[in-house]
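Shared between the two complexes below is subunit A, which has subunit B as its partner in the first and subunit C in the second.
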Partner chain A sequence: MVSPILWRCPQMPHIIYPFKSGLRIHSFTTTSPLSAKPLKPKGSPPSSKMNPGKQRMQSSKVHVKKKPIMVQKPAYEVGQRKELRKRIVLSNTNAIPVVLPTMTADLIGNEDAAGAMFALPSREADTIVDRLRALEAFQTKQHWPFFYRPCTLFRKETVEVGRLLERVMRREGAGEDGRVNERAILHGYYGCGRSMLLLQAMTWALQKEWVVIAIPNAQDLVIGHTEYELEGNSHLWLQKAYTTDLLNRVLEANQKTLKGVGFPSSCPARAMMKISQSYRLGRTDEVQKGDLMKTVLETAVLDPLLAWDAFNALLGELSLPGSPPALFALDNLNQISIPSKYRDPAFNAIHSHDLALPNTFLAYLSGKRGFHKGVTLAATSSKCSRTLALDAALEGRGVDPYERLDPRIGPSIEGAQIIHVDSLSKEEAKALMDYYNESGIMKDPVDIATFNEKYAVSAGNPRDLFGACLRIRQ
Partner chain B sequence: MLPRTASVRSSILRILPRHTSLAPRSNPVLLRNFASRYTPPPTPSKPIGPSQDVLPHISEEGAITAGIMGGEGLYPMPGVPIGEMLRTDPTALQNTPKLFKGIPGVKREYSTTATPIEPPLPEAPADIASSTAPAPAPTPPPVSPDAFALTIPGAKYPLPKLPLPSCSHLKHRYSTLLEQVTNFIMIGGRKAKAESLVDQILANLRTRPAPKPREGTPLLPGTPALSTLPLDPIQYLQTAIDSVSPLVKILMLKGGGGAKQPVPYPLRLRQRRRFALTWISAAADKKKDRLGFAERFADEVVAVVEGRSSAWEKRSQVHKLAVVSRANVIIDPGRTVAPSKIRFPIAVL
Partner chain C sequence: MAATGTFLQRCHRTLTETYRLTPQLTSHLPRKPFHPHRPRPLTTAPASTTLMTSFSQPLPEVAPRTRLTPLSPSYYTGSPEYYDNLLALQDLLRSHEALPTIHGDEAPEVQWKTMDEYRLIIGDRVKPSRYNKVIRILDRLNRIDPAIMPAETKAALALYTRPENPELKRRVERTVDNFGRAYAIGRRKTAIARVFLVEGEGQALVNGLPIIKKFSRMHDRESVLWPLIVTNRVDKYNVFAVVKGGGKTGQAEACTLAIARALRIHEPALKHALREAGCVTVDHRQVERKKPGHLKARKMPTWVKR
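And then the complex of A and B:
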């Protein structure tokens, strides 16, 4: 509203208020209602182009939508999807081959080699890669298909794993009965390379002609996918089908050792290949003393009913003096620390430790049973539901009476050495990034800025480092 | 109606405080020129010297003189090279300055342009000024941003170089092509899923055998050798998508007589890529094998580069129709577009 008096105005301007005259304005009309136009009828205004009849006709028209042509695809065959899921590709011919030294058995426990890349032995005469593949040591999550040939990083944790093998070979810390057993658990954050360390241990063990028994994924034992039955004597649940598969893998990977080819005839290890006592296989079969271990396993592989006894016979023979050293490895230890998916006849969940194979492994891990010379190695996994009891046991905490933790977990890993797998050091990360760059799959040059950026982003975690270097989605 | 007036309160008219520093402004552009009668006008920085007199070339001058005098000039043509002259006339060598004798026919390596040499100011000769007057304070060298970055106390790394590269922005980390492919694949806003699918596509392209070149596949010119593509999967994807992308789309517009007529319409880069992506994914979905999306898509990308994808047929179909209906192209005279903004060569049609 304009104020009537203007500020600092010497002369009053002449202002006219047009509506403030004597004329009054009514807020109502004085026109007669009869002279108003008639109200328009309600509804849509009639358009000049379209008459209402036509409009109605159009709205009632049924639009038939064309169906998209569906392509009939053939159904999957039995096992095809599992094969696709588990297919391991170890070579990429597009990648540039990198010349690297071979990961030989001389490197066991060698500290100077830490922080360098090594190629797995893959010469024509060497069947190590095939044997590792038979043991399912390679996993799909490990980025093998991007590189020309399988290569691994020698880390400071690799040295520690090598020390275990070295101690067994040198018979350090042997008891009165001459038994040497090393037990260890690889533990760390996700993607820190535990499974890869298992692979490296297996590589060395195979090169040294050890007997390698490996359970590549403990999850297969507890998710209720295999047949199971109760054995009366031990009150354990046997998984005979899985045991047959396991023996098959052991047989394929350890052909040379079981035949005793590489050993001189005077070596006691050769004598082991023959059975020292007679065993009963299944209900009817029996193997006599002096039979070859290989033939025992071969017969057991054909008949699942004999598998469990044959497996026990193998373990029993490996605990006798003169037997070759053994490596018993299991990946995803967490999976056998939670209740299994199996049910007993009363429909109670079966505890994982009541299954025969996990029970046997844990007996070796906790030192209740032992090889004559052997290493028992387990690796935890991060892809598992929470295992509070195992975490407490790994941290060395006692069971809190106010926490409802599984009391069987702690004793099952008692006495095992815990190897903490840490993130990569800068030297190791540099070696890894140089390898990516030389393979031609990482385009950025590894200069100080790139290196620092990728190392900081991945916090030295090997899996994240790969993601930071080569992926969009990390 | 009377003109509206507005009263202004005096409080509004007060001078607002300005957020300026008290230090004198040093920017000469912002300084206002000060002119006074008593101040002499500034001297020009470089006075025109006598040597800058505009005179024609010496041979031209000779020719003009000869024209005036009615005789023959010294040289028939203006601008005869000195080396040539010396070679033809042996007597000229005696009269030439010493300068040219040593280097006949060779261009001088130094300039002979007359530059005005400013005489030293009479009131302040250089030697006296340096001895008597106090030496002016040495001006500090200009600090470059890089040098400043290196001298931040306590910093581990120098400041990043400016301007930052385009990929350094959090939301624009990837190339525009990858972002478009990701968004094209995305369903229901599940971007993480789409990104991992793109990852799988790129991993598939990395590990497949290199595409075999086929005659007659109109790949983009400048495509690197096909054998090198698997090691650079983004380039691989870009080659496929940019090669099959159409230049135009066909709009069916109502023409005269109520009939619809096809009108080719140029597309921008992003639109072209979208057409290519639609065709590639449509061809991938028609595959008979049971494959995952990433595998299907990667298969089709390889097929595009090898020239056996159905996307090529769609592209040539669009282009043929565009060529046929090129007479219908609307060139709107009322629409003014800067010549630099026109991306599409209409004459190609």
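And then the complex of A and C:
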């Protein structure tokens, strides 16, 4: 309707609407009012019963309100929808607060605690929840906004995950060089709580002042949303922008560890995470031996060109004796076992394992690389379809020569312990349902009949159990 | 008088055996004067003379007749025999309506006369819908508590029951086998489920898979376990089901039916509860086939002039 040319015309402050021109004719004339013809005397004209003179007078009085030019505001600002979509709400003041013990680091590997609910440490002095939030350990699908404060269920799988951390802390199974590396994959049905187990592992690791590096969703790495470039030496594709974000998260979550708080003073050089050798960052920058790791990361966060080298420096430092233990976690492992959406200059799909970040993670997962003390933890996902090669590898099936499975997938997770995340046991489900009931989201009292019904319908699946408990009965 | 007698006979031939024409039975029933279904003889005679007479009594000869009048109120309905019969049964039902009834599942099993046999009684063509009306009344009468069922009702029902045929009645009593398994099948859409139900602690395997793997949709799992949920026996039985054909929904609902049947083998008394929950009635609907000349089952191509 509105011609764009008029917008740019400086002479014309208001848009003339073509269909309103009839109205404007009356109010616009070049002749002065004095030189106009005198008005006709009153009396109806022969042709019409209406009084045109009067009409005209009236119409000239009509003040046509000019509409100001409206620039239509977009419904959402750029990035606002993504922010809304990814917003994590961790508390709901309308929910009933439930008094629960705190999930402390003493509980690592404690079998007796299995089957009970624990609150995540969120006292004022404790910044664990904020640090977990920085690591994007919480996800929108996990129903946090229904409860007063974030709480988790201590399951028998949690014990197993705790065992991994415990073994590293006790340096069980350390090699000749004193290295301890635990590698595990959390695998199970949809909604069985794999991401939640990652969260619990991260909680403990942060409490124990480990360095936690987390890739919250591997899908971000392969769907072609970040910029990428080929590195000549390793023939890997770097994702520098994503690596910068990752370092930012690592820096934010591990401030304390990188500062060296809470480390034994017996090893002062390591306590401050001082760099043991000089590294090149990018083309020109260089960090000297003795610089603080924190400083290096802070520099790298500001410049994406340095990010990848800084990330490698961090990993390299963590593999040296005396470094703090590390937890390297990745959620949605399936996503990096299918071809990525990236293309090389010949327009061939880039294999996910040729991307530098997934490649690095899988190197840690398969044991090609390792921390001095560290746990590498991956969780599979049910949202990713047709990862036949990974499924076969997880089940430990041999490669069928007649099946065209990706040969690179199997070796990439070789040697990793597979923790099967099962359905909830009855005790765990009971604890969870009691918690739902006390939080006020479940109206029915938890008697035996209700419990049996909900447990049977959900088949012990935590996500479905929540759905079954929340559902309003007709 | 003779002519009137044959008319009566013709009009009410079917009712000669029912209670309405026997004065012994009808006399003790309280009569409401203007009830629409009460038999009121049609006649031109003065009301004072004929109003309270019953059909079987000879008409008073005092009334001077101007024309022949039907005594059946249903004379003008087109099938007076059927309607007289129906009205008689409705009267009987109305008089016994307040008697305590038992659940339909517990009522004594009877086989009513078939439509053809009923037609022979009536001596006229009877539409299936009209036959069904009669059957519905008979079913309701049959649900009167047998302990206190009046003799007249018993007699009336006996008129409509078929003689017992041992061949037809022979039915295999399903029982739990040596291993404590109850076996039943159920069908829905094109799915067929075979279920073994044993006493246990609430595990369910469908085609050898845990139920969560076979039915990832919670609604389907609820369908499968519905008979156990409504009877509060989820943790009392283990389900082993083999289901094939159809899609997820069909398979889940075939399992529902099979589990409900197997549960009734273990506990026959649960039949009411299961029927209330809709687990007893078979849903026999299937996709209607596509026909030649049609685009789908019923859809026709658009009409084109030429």
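Everything below uses one rule, namely that the second predicted complex is superposed on the first by the 390 of 474 C-alpha atoms of A that agree within 3 Å, B and C clash if a C-alpha of one lies under 4 Å from a C-alpha of the other, contacts with A are read in each partner's own complex, and residues count from 1 in each chain.
Simple rule for what comes next: contacts are C-beta pairs under 8 Å (C-beta built on N, C-alpha and C of every residue); 3 or more make two chains touch, one makes a residue touch a chain.
Values in this document were obtained by computation on a predicted structure and should not be read as measured data.
**Student:** Mind working out whether A:457 is in touch with subunit B, subunit C, both or neither, as first, second, both or neither?
**Tutor:** A:457 sits against subunit C, while subunit B stays out of touch.
**Student:** For A:286, decide between first (touching subunit B), second (touching subunit C), both and neither.
**Tutor:** neither
**Student:** With the two complexes superposed on chain A, say which partner A:468 touches: subunit B (first), subunit C (second), both, or neither.
**Tutor:** second
**Student:** May I ask you to decide whether A:423 touches subunit B, subunit C, both, or neither, giving the answer as first, second, both or neither?
**Tutor:** The second partner, subunit C, only.
**Student:** Residues of subunit A touched by subunit B versus by subunit C: which partner has the larger set?
**Tutor:** Tallying touched residues of subunit A, the top partner is B.
**Student:** Quick one: is A:229 in contact with subunit B, with subunit C, with both, or with neither? Answer first, second, both or neither.
**Tutor:** So A:229 meets neither subunit B nor subunit C here.
**Student:** Counting only touches as set out at the top, which of subunit B and subunit C does A:93 meet: first, second, both, neither?
**Tutor:** In the superposition, A:93 contacts subunit B only.
**Student:** Do subunit B and subunit C touch any of the same residues on subunit A, and if so, which?
**Tutor:** Subunit A residues touching both partners: 452.
**Student:** Where on subunit A is subunit B touching in the complex?
**Tutor:** Its residues touching subunit B are 2-3, 6-8, 13, 15-16, 18, 71, 73-74, 76, 89, 92-96, 145-146, 440-441, 443, 452, 471-473.
**Student:** In their complex, what parts of subunit C are in touch with subunit A?
**Tutor:** 202, 204, 210-213, 216, 218, 221-222, 225, 228-229, 232, 234-235
**Student:** In their complex, what parts of subunit A are in touch with subunit C?
**Tutor:** It is residues 189-190, 423, 449, 452-453, 455-461, 464, 467-468 of subunit A that touch subunit C.
**Student:** If you look only at subunit B, which of its residues touch subunit A in the complex?
**Tutor:** Subunit B reaches subunit A through residues 1-2, 5-10, 157, 174, 178, 182, 192, 195-196, 198-199, 202-203, 206-210, 230-232, 285-290.
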